[in-house]
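Both complexes shown next keep chain A, but they swap its partner, so chain B is in the first and chain C is in the second.
Right after this comes the complex of A and B.
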């Protein structure tokens, strides 16, 4: 087994590490890593049924290697470079945007280092200056644990040139029920006044672990709308580190985590303001059933000089069982002037009065419960701009269009 | 139709209804009046099936025992309670809610469900009845509705559900003069030989619009007096003091039809 022992100076996280406090450390210790394994014939059957049917380029990555068979790279519009990360890295003409983001302090961890070592293939997206792309780009990552390493590493590098715009959907799946997982790292650079809508759909099997990182550097006047749906995996982790580096940048992060069984769904969100007059929004909702746990660890870090920052953070949780738990932790550090910063968190249960009211109108208890859960989750689902993605999420949650 | 005998309800050992008897025949409208805290809403919720009461006695609708049924089954059996304090349900569209409610009871009764298009006509008719603006259908259930709008929404629901027994708990409270007239005429339009109604109110004015067949006085969890609509006039003049003290002063207005 080509397991890589954690190299110095980065250690495996422990429970004492704030950002890994609720992670299942025993499971993390059983993850093994190695170089990407050839993916030919790994996928047992068509994956079309498992992913939203989007009208645009599709790149499918299996165990860290792009699989041309499932990908569709035929209709690439002008001004878009979409290729494997390996090809882009090998081409001296392509300025692959730095994989590491030195401005994001303190966020490095052993899994990021492992991804840097082994996540050498994946997807590369480069949108030329001024280019407005209509069709969403779909990047699907499939992890199929094998004997040499049970956890795949994938890199995704996204660069939007100045004044360009794009929509990118990343769907993360597992191809078998065996223990293992995936470790994905997405590095996004938004040049001046570019606009990106970025959606992550995490729906791994409940036997697997997903470690997902998204690192964003935003330049002046750029706008990011990031949506995450953290639904699958026994431990599903989505970490976002967004650095607002240029004046007037705007970032809008929101997500839904919906846990059942023994799942732990972990959102580690940090927005770092270093430039003036940027706005950031974090809005995360959790629905937690059975013995599942939700984690929201949300940071707003306003560095000296980031005057005129306007930052907000909200986290709302709905517990459907008395064994479920929600852990919410705001981290606010404000070292600039003229800063507007709001945050709030709630943990609640289904409103018994609302349940009763619906039932007196003839709606059976199970339906009433579903109606109320949907109403809570819909705040996150409703504003998905792509019909096929919205339908996929609704189907996945068992919530019909109202 | 509705038969209630020796109904008791207590919460955590504290008795609230203490042996309530009431019979409501098909097509009849009964008014219940009584001081604050006397148990009027508790009675409505006991019929609707709210959790948390220790209940004893009997309540049957068309001979069917209601007390062992879940709230949704009671609705399917034809019980509708208009809430004194309608519940706000953010995120649930009013139209979707109404159609889900109607189709739920239809399904429970083995009837075919109504499609979205046909339901629009049902909803429109109900909206006209309570003179409600269309945009209320597209808002979340009661969320941000004014007090009066919530009450109209209750009547709207009643019009859609077409219940066999409607219990309206202070549907007139908080209504302006025009809304009171609209709600009352909505109620009157829904009167039918097959439908019985219990109207809980503090105000004689509603009863001028909705002429009840009987008026009952509920004090301390019991019906202490019953009569025709003139009993309401008597209460308007004298309050409940007579009944609370369990003795009647000589009334200035004759208590015609009073049961005592």
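Right after this comes the complex of A and C.
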């Protein structure tokens, strides 16, 4: 992978940076970066049990370097190139760099620069034109902090050729309880009329930080269905920048963040419409318990000339404790006139009437509460296309008890 | 929409109806802002020592502050040292009756369509007219005095009711609040003061007309309204300004204090010179408006913003007492090269506090219109409730509409809802109206007025009429 030194002196974001307004800046300051250390023998056993078992190719990245022993790259179907990012970068026939998106909305930040500087490996997925892949591709990123650099950097590059389709699951985990984190950058290019289902499962230990970034460029008629589950980490951040660059592209982003303890779960979503007749949907739900905080900063940017845009955005939050908080900022920035854009945001608590109703039916308070919370969260879980992932998320959500 | 381009061109070409300037002999301080300027202003106004000290503390704070840059506004650098901070019309300081008002000033108001000599016909409205910085005339004082209401210029209030001013000045907007509030606190020229005693319902609508007249003269009004327990007041503010090529700076501060069970309704129609279609001229309007609502009190802001080249304005309510109510109704129109970044802040502190926000933004020409709002529910605000609705209408392909709300909730019993939409006037809507025999202009006017209806309904009668007139003037020639 090409390494690019940061062009300007490293400046950490502050509370005055809109996209980092609610982040725990003290924790960010404690993250340290460096070249990846050798990861041999490091992967702890219990991690295996945390990884959802999917039928399909598996690539496991530990501290920013692919670990072949854990990966399963034997049954690669025709029309799919799945390799380490290091291998792909070394192959002159593969234009990896061409897939890195230009910074369309000026969202580049210091962590992206650090990722590009210190990230040397990751996964590379290239689906050939017209290929329809059935089995999901699973990319697992595991961070095991060590003393020299406690934060791993991983790159994932995904390219779908015209008229192809694929399903990709990215699972982000941590391999120890020590402070540290992972910084991942996923770059997705969807050629004309390709279709991608992309799922992110973030379940880092509650002592670690996760900074995840997904940059998408969609060409004409392509469709993205992105689902994110922001569940773990003391600070879990999932940023999506989706650029609808070709006419008639469609993007459908949804996610669930479910915080407890002292977690801060941050979603930074921007959809940029530059082409005509594109549609976008954003639907994010937050459940916040204990002293957790949820952040949703979602933007719809309609650039001049993007006529026929149809964009919607929803963010609903459920506060379960007196000390939990929800911060939501649904932005609309519209510079074209032939558009229909809507957004809505709500913050509330469990419906007292519904609780009462369930209790009169003999359901204990704790169970009633769980039922209602699950019903709220389930809107985000219900439409996961892969059974094993849906089960994994349901099991994971079943644990926070009332 | 084939008609759009032409509509917009015509809209942009519609001239500023109130673009004229009156030659008034004014007493102007040399440009520049130093501690001496602050002392000069305070001295000219014969202010007490405590007020000078207060101004100086604001000036000191201002010097260490930076102009805010987070708004979605492109502003040419403002040379604060190139402005003059004091201008007063040379005329008799105290006037016995309307007839004593400078005929030139009277004439100016005539052109605005608000003739002073006809104001008695204005049903029950007292007007405290301000030209540049000094209050020229105040009327209906007797009726108000009977009710115990104090309504006078800020300078008079400092002279006659220093204890009231001292208690409340800066209590809602502290000197260090923001760059423009600090600037205003240091150099404010004059403004209005209003005090409603406990249990009194103000017998008439109060209104003030601000007017910028002198070139290169910033205007820095200060308005303070105090409504004691169980009182009620409705205050109207309207602005128009003559056409000028140079940008004029305006940084006002409005503070409202609504004590227990009191109600303050503050309405604004703002129609300052917006600059021409190339963005030359126009008023820079940086306003800090905030109210504090105590237990069971209600503060309601209604604004119709059609003027100014730059609008930076966030009328806010601190819902401090239990069951306090805050409301914000706004129509903002940006055409030509106007830029508006406006919205509200609702800070819920007390239990069972409620707030509602209705914002309608209209963008035309090359205008940029941004709604920026904050709804903050603190931990103490049990059962707080907010409803926000922000709608934007785009008329043309070169304009922009932006909605940037912040919602911060720290109490689970809060119920907060935000809804927004952005759309254009549909070809089908226009077609439908035309099919029913309406002209395109009438159809457009009806659709736009319908879009703003919820806000216009909140305005007092006279202002509702003026607001609709303003909107149709702005849209005049844009269609048909």
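We adopt the following convention: the second predicted complex is superposed on the first by the 381 of 402 C-alpha atoms of A that agree within 3 Å, B and C clash if a C-alpha of one lies under 4 Å from a C-alpha of the other, contacts with A are read in each partner's own complex, and residues count from 1 in each chain.
Going forward, a contact is a pair of C-beta atoms (placed from the backbone, for glycine too) under 8 Å apart; a residue touches a chain by one contact, two chains touch by 3 or more.
Note that this is a predicted model, so its numbers are computed, not measured.
Q: In the superposed model on chain A, is it clash or fit for chain B and chain C?
A: On the superposed model, which is not a single observed complex, chain B and chain C fit side by side.
Q: Now for A:322: first (chain B), second (chain C), both, or neither, which partner does it touch?
A: second
Q: Just checking: does A:338 make contact with chain B only, chain C only, both, or neither of them? Give me first, second, both or neither.
A: Second partner only, chain C.
Q: More chain A residues touched by chain B or by chain C?
A: C
Q: Taking the superposition as given, does A:347 touch the first partner, chain B, the second, chain C, both, or neither?
A: A:347 contacts chain C only, not chain B.
Q: In the superposed arrangement, does A:356 touch chain B (first), chain C (second), both or neither?
A: first
Q: Now for A:330: first (chain B), second (chain C), both, or neither, which partner does it touch?
A: Second partner only, chain C.
Q: Please work out whether A:304 is in contact with chain B alone, chain C alone, both, or neither, and reply first, second, both or neither.
A: A:304 sits against chain C, while chain B stays out of touch.
Q: After superposing the two complexes, find the smallest distance in angstrom between C-alpha atoms of chain B and C-alpha atoms of chain C.
A: Scanning every C-alpha pair, the shortest chain B to chain C distance is 16 Å.
Q: Identify the overlap between the chain B-contacting and the chain C-contacting residues of chain A.
A: none
Q: How about chain B: which of its residues touch chain A in the complex?
A: 48-51, 70-72, 74-76, 79-81, 83, 86-93, 96-97, 100-102, 104-105, 108, 140, 157, 161
Q: How about chain C: which of its residues touch chain A in the complex?
A: 1, 4, 70, 377, 379, 392, 394-424
Q: Per the contact definition, I'd like the list of chain A residues that touch chain B in the complex.
A: 351-354, 356-365, 367-368, 371-372, 374-376, 378-379, 402
Q: With touch defined as at the start, can you tell me which chain A residues reach chain C in the complex?
A: Counting only chain A, the residues touching chain C are 16, 18, 304-305, 307, 317, 319-349.
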